[in-house]
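Structures given as structure tokens follow.
In the two complexes below, chain A is the common chain; its partner is chain B in one and chain C in the other.
Let's look at the complex of A and B:
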């Protein structure tokens, strides 16, 4: 039984990571047609350095993902605080309305945004992409931070207040430090949602301002070159580094503290 | 060291009244237990005194100063929570120093006070540990030190011992009493454990459905309950129902039972409360010493617990009674035996329903 379970686990890991490893390896293969035998070469990275379109799309993607992560984490955390600690009119409605966007297909959200932005005159381009991505990421932030809140007892803030903290001081000195791992996780989630985003970006990008997934998609239509493997590898290493940072930060005083 | 005065405090959630017109004075240096079943409003009253809840009407004064409109953080209270509520991301010393820092006390001065507080709760040298490295009892001690180090005007305890096991709880009761006596802090203690309330406090307030039904010294409340609820909630009690006649209460079977204190007018119905340990068993048909009440009964069940015996009895009119007896001579009466119960009128209390 254990042998079988190990086989399954190994198979899952192979299917998850082998394509990525192959993709990364081919970025270092000399052949443009992914031919074997493997000849190590960094020529695709050199070529990438000269591919302004891919690079600027990559920078756009990162800039948008960073801004989206920051803005949606702040807004989403504020919403989570209100939902977890305050009572106000329409709270249940807000709670109900914040989560379904996660389940709505991006194609539908994207079409709706395009129509709405066109109709309101917001149009397309960087600002439209930012609005779209932030709106898309907030429900994820609320979900992650809200789950984090459930592990923090409300009486901790009350204890702080009984010792002389104003509600604001109690929040910043007690709740926020305990919530930090969840907030960091939410920010990472928002960053990933934005960086990954293709459908909505495809609708809202302009020829002058596009993101990496959109650029890769149009590049593939013209013909696949290993430059794409190269930029994907760079992106992948960046993402992995971010997750590593999160794992290190999340451990001390982390989510497992319930008291 | 200050008194706490609550006057005509009322609180309603939606349409449910939680507290109705509560007025009482917690005198300086006293240890008062608020005792009642869940939903009686005891926690709400404590939270109103703390400042977490604003009453709909009425006033709260600490040390003669009206604090009804003062928020929690400006009231200078020490509060200990049921869940301890220690900050998990801070060390024990940082937890205790939290309130000091809010009062501008930092550095060496703060360290000294923290050490003294930890010594007081018998946890010297625990300052560098994290709360989760401590046992439940130790965490509660830290919570107590954190509440006491700020020299609060009043110490509020919200069922602080209920999360501890029996042995630890008794240990903490002794500790709590020692610290309260040493500091002389006015203390208000919420509990649903009647034994805890009796052993710890100078005064017990019994709450029922948002009202204080009785407040007084533990012995006074126990020996002279005012209402059926108070008699039942604090300890065990037998109740005899009858009508007032000839300066006593005539039961359904015709027995006249005399009681402590005056009764209302003849002909009215009355309920008498008698503690189970106050009654003694005589052989059936014996007339007891002059002046004692006597009542015929039959033993239904005997619960043998070594040093103590509990008899469950039934009177001819069907009233069920309980009797606690010391197992002094090793004889246990069999169930089914007819007996006569005797007890002093002084231990027979007329209670309101």
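Let's look at the complex of A and C:
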């Protein structure tokens, strides 16, 4: 029974990773029509280096992801301090308000943003993408930092304050350092959420300002070469790295040994 | 902030910030919360409200034509019956994806919880969840490499059986479901695993020692006890699948017409925003009904959402 269970888990892993590995391998195959036999070649990566459209979309994606990570981490951490350490009316409602960006299909949120931004004159483009991405990332930051708060004892902060520290000073010198791994984890998470976001970007991007997933999508729709495999490989490895580092910092679902 | 901190340092008490002179506690709370909720209000809530208003308009307010408010957009299911068929297709697609995820995911979670331990289990869990947090678009694109005619699936077949035909099934509804299952399976495994891992070994041992067969243990103990995980996994698979449009477009080609693609068309091709808004809100109503129905189960499992 144990053997069967392990075999089944192996099969699940094959199902999850096989298409990804095939896609990555085809980026190193010489044939532009994805034909076998496999001839190793880096020509698609060389071609990619000369593809200004994909490169500028890639830079846009990274810029958006970095700004999203910084802004959403600062705002989300502030909110999660209030939600974790303060008592006030309507807290449940505020926690509920974090759910729509995560729970409502992005198609609905994205088209709603398109309609609203058009109607108010905010328009589309980089600023619109930033407004959307930060809104999507904030709930994740609040959840991750909020989980971090649960592992920190509130009495440490109180001890500091009873010894004469101000609340602000106690927060910055006691709570924040203990919270730092969660905050860093949250920032990486927000970065990955933004980097991988396609649906919202698709509705808010303009022909002049697109992100990598939007550019990849239009390439897939119009006809493509293994260059798309190459850039997809880089994108996958980038976000997998961010998530692995996150897993080390914040260990979702695992027991943390922080006090 | 600096003078405030200095003045407060003399009157420190264990009461915390509430007893502090200077910034009142409620103001500090407000300052901490306002940026986040202001942002969510402007970026999510107001847009949804605006779209609700748009869904009652007779035309996209772009030209000079006067805007009349009407319920016409919401009657589209009776005036254009083919949309009912598309809605049915979308629901079926959601059902099959969720069903496949539930069956595959439940047994994977069971295998994880009962046949692995310690480091191995932790590594396997990370390996299973890793694809979930990578680019969904790229993963769907990957499947075109496997499923298309002459793709990887055919390569394997021809290697085993040279001269065989093609079994590639890209541009079919099955292809869409395979891609979607690939997308949401990790999540289902996680929610089921969290439910299963809390089951005490003693219960299963007791059942087995009293003569229960494996199917009795499965259907009378494991599945009922994993039900919260199965349900929250199912809801959080079904809902995004309902709103998917990129997956049907890439893997379904011409047969990939779903509510998601119809809505997307209204905003990007047809420029019939009121109709798109009405369809979006109909979908949102379905989504909210699903969440309301299962809110109790979802709340208990919400610690695992992130």
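As a working rule, the second predicted complex is superposed on the first by the 235 of 259 C-alpha atoms of A that agree within 3 Å, B and C clash if a C-alpha of one lies under 4 Å from a C-alpha of the other, contacts with A are read in each partner's own complex, and residues count from 1 in each chain.
We adopt the following convention: contacts are C-beta pairs under 8 Å (C-beta built on N, C-alpha and C of every residue); 3 or more make two chains touch, one makes a residue touch a chain.
Since this is a predicted model, take the numbers as computed values, not measurements.
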| item | value |
| --- | --- |
| Partner chain in contact with A:184 - chain B first, chain C second, else both or neither | neither |
| First (chain B), second (chain C), both or neither touched by A:100 | second |
| Partner chain in contact with A:65 - chain B first, chain C second, else both or neither | neither |
| Contacts of A:153 with chain B and chain C, given as first, second, both or neither | first |
| Residue contacts with chain A in the superposition, chain B compared against chain C | C |
| Partner chain in contact with A:126 - chain B first, chain C second, else both or neither | neither |
| Touched partner set for A:174, first chain B, second chain C, both or neither | first |
| First (chain B), second (chain C), both or neither touched by A:48 | neither |
| Residues of chain A that lie at the interface with chain B and also at the interface with chain C | 158, 161-162, 164-166, 169, 253 |
| Contact footprint of chain A on chain B as seen in their complex | 50, 52, 71-74, 76-79, 81, 83-89, 98-99, 102-103, 131-132, 139, 143, 146-147, 150, 156 |
| Complex contacts: residues of chain C adjacent to chain A | 1, 4-5, 8-9, 12-14, 16-17, 20, 25-26, 28-29, 31-33, 35-37, 39-40, 42-48, 50-51, 54, 61, 104, 107-108, 110-112, 114-116, 122, 124-128, 130-131, 133-139, 141-146, 150-152, 155, 182, 185-186, 189-190, 194, 236, 239-240, 242-246, 249-250, 260, 263-264, 267-268, 273, 276-277, 280, 283-284, 287, 291, 303-306 |
| Touch list for chain A against partner chain C, complex | 1-2, 5-6, 8-9, 12-13, 15-20, 22-23, 26, 34-36, 75-76, 78-79, 81-83, 86, 88, 94, 97-98, 100-109, 111-117, 119, 131-132, 134-135, 138, 140, 142-144, 147, 158, 161-162, 164-169, 189, 192, 195-196, 198-199, 202-203, 213, 216-217, 220-221, 228-229, 232, 235-236, 239-240, 243-244, 247, 252-254 |
| Interfacial residue positions of chain A with respect to chain B in the complex | 153, 155-156, 158-166, 169, 173-174, 177-178, 253, 257-259 |
